[in-house]
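I have placed the structure first, in the form of structure tokens, so that the comments after it can refer back to it.
Note that the chains are named A, B, C, D and E in the order they appear, and that numbering of residues resets to 1 at the start of each chain.
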């Protein structure tokens, strides 16, 4: 289980997170909602270790990971699909996928079939440079790359951004499938409300660097959530 | 209107710098000429010449910062413009020697006599006139920069590619000027000057005069650069530095903007070189060497790139350090200077002038704007 | 307490450090020696070392600093001609004294400079004479680094050779940039030029760093001294120390001093030098001897004048004679150049030169070459009443050609 | 209809990269004042099409005419922009070191020549216009922040603001609502609809709700050429469109 | 190598010779002649050599060889000429003719018999004539070559006899040519000379042309005619080979540039560090070579030929370790600020130069060439020096190895991922700190390898690196940053262009033209020769 406790985070003098707490359980999809600039991505960066927190703790699997480097967190099964794709532009699609081998033992190093089942287009583009792909293709590659690491905590930052409707549906189905395997905790930031609603087991809604609402699927009022999402 | 334009760039930092320059312009003449040589307030010609040299370098650094700090063009060949300006002035000074040379030839500089030249090459004509030389001081570097920039910017040469071809340019010029056939005195360059505008170049008052001229040039350069940077044109330049292609999609012809800044910068560098030569007494092709250009880049980085005042400070400090260490620690000064550069990079990422800002938010690691990964290859 | 300061102006960093650092060390040694003997005029000498860093304007700046700030009595320094040209106005303006220890192109004479290295007639011309006479050379390659010293030397040599009846097609002139490292085709060209059926030799004014790759290439391409000898004016023991000399045995150099010269003075000097540097493999070379001579001349002149005042020292220096290291005396001439023997040596396997020829007497340094049209009428004499560095014997006036 | 009356006219435009055909003989016509939505699978060539129009990429073959006469294929990017073609990029690209305000000021319609910008100073109208745009994009509180410190979504808004500031004749908007909440999406749709009429707009989006909201003619691109064209309802019913794009 | 080896063999056989050919003239008769070698002046020594040569006795061969090698000394006490070899503090003396040991002597008790170039020529010629009958084919061939060069008319008889007995085809050819050379230079009848011209025309090299030139200037009309025609044919051949030779020079210069640049292609090209200290890494490699060689000279002089092979890993490790240290202490703080790396590495380069200057002194250090890297061989009309050949081979090996390492290994993939997006790579689980350190270490280590090679052709001095840094940047940028193939092709192209221009423009102008070529070329291809294209780069 991921357990974020009263985390603070600053960009220079500006505070982006204030005492944020959040949990994400294995076998469940936890959805994080909120308007632009409220701090969703900042929280995810803190969880994967790309941005050091200035207060609070982050625990995963019962161990404190607050101070660990991102690579060490990856080795503990945390995979990240960042906002803005962050593909390695000059690596081929295949090589981009292979980077997912880093946290794996030699014996486990293979690309899982589900990657190409989900994103068939990647199969036909294995030898093209990642940076040449279209935006949506890159997004698919970013998700595929995360799956190669066989994560136990999958952190997704707006994974459907720029992706064509049919594949969004596939991604939704994939997330549900991964959840149902029961080996993985999934933390999803999403603006596309319907998509999130259909997948979420747990919710959290952020506003100005703070979690305003949190709870499980049934405990939350959709209208209340929507209130935080309107202007 | 014009005054407003020139004043608009001036902020507090500029005020301090200009005040310091004003004080120098008054105090140095008084201390050098108005005090007895044994007075504790006396400035020797040696010191005046040194200060003058530092300020010439400061002007060079300023010109470099204009293109590097604000347009993102890392020139590894700025010394070329500086040196060309210097040669233009040197040629004037050579012509002033007249028949006082070793061979007593009024028509030809010594080195030409020495290598059996029989007449003055065409490109030396006119340099006996100060006004002509003064125009050439800006025109030659300016034209070279214009031609070079026109091609390079149109072809969209950027980043390290641009840096390296500027280096190739200055290196080629160095080799060319080394050639005795070029008619610029080869490796020995131009030296043994006697007078400038009729004043004895070695006299204390001439030196002080040159110093004051340098202060004025630096102040003028600074005001001009600040005005340019503060204008909307300056904002376009900064935008070009950070995302050139995006600027193009807004309808700005980025080539022209770059060319403008680049040529202006080259002219400033030329003036710096022209003031440098009479004060140090020699101009020689090794000023073209890539290392000289890199040193200028270092001054800018040490002082604080993109700040205008920083480069001035950096140039003066580094060169003062160099003067001091080469005498105080003749065998180890490279450690001191090299170490200084490393420490500045590590602990003052924004240069000395950035120190204040850095202390203000004490959290250097959390720089608000992280560089984009693409930047890694670009310069 | 009260000392006499002596300035040392040699690059300790940058491209010239490789040559000049040694000269700084030898000066420190000489000063230390002199102090052991009680100094000069009863005062200890105090060396002031600065690093002009192979940067020519910095030479001028440091010279000014030495003279006007540190108030040194004399400066020993410079290697390249351009550094000398850079400091010359400073010494003239501040009326101080510079001792310049390196062979150079001539065409200069300053009241404030004492040239203890060779002028072209003390090195180049005797070397060419030797090759022509002893080796029967008829075809000449003049190879040099592209700057004033080689250019001038070659110009003088060209005129000289032609005056001896050598035809233009038997002279090949080649210039390379400083630090030139790839000598493959130039060496091949030399071989080709040398295969025209006439005995060929190379006169090298290649300077500094370029020499090592040049000689390595000569060795590798098998250019043997017995086939095409190379005589160099800028290659001494110090340069050879970086090269495997086995393939180079027999190539030549012309200097006024070789470390191998077997005289008691030289043996003593070498011993002191190796003790001073705590290295029994350290070599000595010609510019070091020049400083040795220059320094001793200065000491003698100061004692003669009884003061370190520049004017007095400058006047008393002319005519001063001190032992050189090759078993004779060198004297300061009125033109501020000195008399020297000219030695031709062949490279040996151990990196030393073996003298194969030595001028019978001393050769007087000739500042204005007799082989250049514009300088053949000039002479220099700094004694009163002439006191002129470029006196024209044709017009009878001081000031060069006059007009 | 003659080409003279069109605002943008693409005919037989093809582009390939190392043998890969990104645009395949694409033809498209936009009328003055028209808004057009473009949809199509990832990699269909939508962004490439914008690249070709704005001069970023040169087509291998084909004609592109602006206002029926200007051949865009021979112009450089700034010239095209100055004809009145503005663009919002798919991946937000703003001037990170400049403040939000300066980003807008640079985009504002004004003379673009160096000497003019050297002496430029913002007029009252200019400032008012910037304020207005800040309002629309809800970036007022961020006006003095460097754009680099904005969140992803805020950068999207800033890009839209910069596009508005340019006041172009033709707006090319690449995925404007990616990363926006549903409410913002709706608002953006209104904004674009307001603009259309006076200006022509080409919008690329994958958000069908948004496209429906726009209620304009839709062109479906697939493998570099037009697969279908018509109202959203018509194209949504197209079996091929469902297969390659919408899914079931 | 072969040449040196042959000389050794020749010397060895010659030493063995006296017993084989028990002389018709006793050692006692030769002794006074030998004594004459030590008479004093060069002229007297020369006369003594001539005297020895006249005897035609093979027993004098070792004496003259000892003279050539500088081993012949005069014992001051009695004026006897002895072979003196270093032994401990003094010399071990042997009789030059009999080889009998004569005890030891103090350094000052003997005086070396000096030789100069003129004597060296005489000695070669004499040895040539004397060893024409040697049992060893190689020695005979060397001898023939020596005669070819000396054109010594006195050797003609010996040559004729030797030719009569010669069975080895190659040696025969050499002797025929030697004979032709002697005939052409002397005053043989025209018919002989014309045959000689033909022989030389067939030989067709520069030496042949030299001889033919002589003949064309001095001979009778018939000979002149034949010689002129032969010269034309030789020149044509030489021109052809000259072009090939220039290609080789270009390749060889290119491979030097490649070696110098390839480490930079990693630290700068791949990592994006504007590494001004690259040259110093090369220099450190060269000094490592020096130290290894010193160790060999000290403790295993016999194995000196292998010192370079040991120096390679040592230089790689030393430079690599310095690189890792630099990365860990300085560079790692600068990722994302590429321009600052210029400042820091410039500072480091100053400090490293001074450090080396302080430790090793400012002057050049001697790095020797192993015998298998010395000298040259002829390939048709090409002269190929072994040193250059090995450097070409080595450069390509290093290039190939690096290419494989970067393209085909997991480490290579991590390097590229890390340098393209450090934080994302970290988030993927790649230990970026380690990869960074190792990558910089790899680039520096390769620079160190370059240092080993460059120590063979250039100064080993604190300034060594400075001479290559600019060229290296030019090569990497010209080829296209981040593309190893670009670096390869860039280096070879620049080397080739340079060597193509040099004969026409001279070295200085040639270099200027190359720089202008680079400037113009970059206008055509603003991202270098092997520019990466497409969105991936602009993104």
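Please note the rule applied: contacts are C-beta pairs under 8 Å (C-beta built on N, C-alpha and C of every residue); 3 or more make two chains touch, one makes a residue touch a chain.
The chain list, named the UniProt way, goes like this: B = Urea ABC transporter permease subunit UrtC; D = Urea ABC transporter ATP-binding protein; E = Urea ABC transporter permease subunit UrtB.
Keep in mind it's a predicted model, so treat the numbers as computed, not measured.
Steps from chain A to chain C, minimised over paths through touching chains, total 2.
The pair with more inter-chain C-beta contacts, choosing from C-E and B-D, is C-E.
Using the average of C-alpha coordinates as each chain's centre, A ends up farthest from chain B.
The chain with its C-alpha centre at the largest distance from the centre of chain E is D.
The chain occupying the central position, as judged from C-alpha centroids, is B. Computed centre separation for the pair chain C/chain E is 30 angstrom, with centres defined by C-alpha atoms.
Centre to centre, using the average C-alpha position, chain B and chain D are separated by 44 Å. Between chain A and chain E, the centres computed from C-alpha atoms are 62 Å apart. Inter-chain centre distance (chain B to chain C, centres taken as mean C-alpha positions): 36 Å.
The multi-chain contact residues of chain D, meaning those touching 2 or more other chains, are 17, 91, 149.
Residue positions of chain C touching 2 or more other chains: 12-13, 146, 177.
Multi-chain contact residues of chain A (touching two or more other chains): 11, 14, 132.
Remark: chain D residues 54, 56, 76-78, 81-82, 86-87, 89, 93-98, 102, 105-107, 112-114, 117-121, 146, 148-149, 162, 166 touch chain B in the complex.
Considering their complex, residues 12-13, 49-53, 55-58, 60-62, 64-65, 68-69, 80-82, 85-86, 88-90, 93, 107-108, 146-148, 151-152, 155, 177-178, 372-375, 378, 389-390, 392, 399-403 of chain C touch chain B.
The touching residues of chain B, counted against chain D in their complex, run 5, 228, 231-233, 235-236, 238-239, 241-243, 245-254, 256-257, 260, 368-370, 372.
Of all residues in chain C, only 12-15, 17-18, 21-22, 134-135, 146, 174-177, 179-182, 184-186, 188-189, 191-192, 194-197, 209, 212-213, 216-217, 219-222, 225-227, 229, 238-239, 241-244, 247, 250, 346, 348-349, 354, 356 touch chain E in the complex they form. The part of chain E that touches chain B in the complex is made up of residues 272, 274, 276, 330, 333-344, 346-355, 358, 419-422, 470, 473-474, 477-478, 481-482, 508-509, 511-512, 515-516, 518-519, 522-524, 526-528, 538-539.
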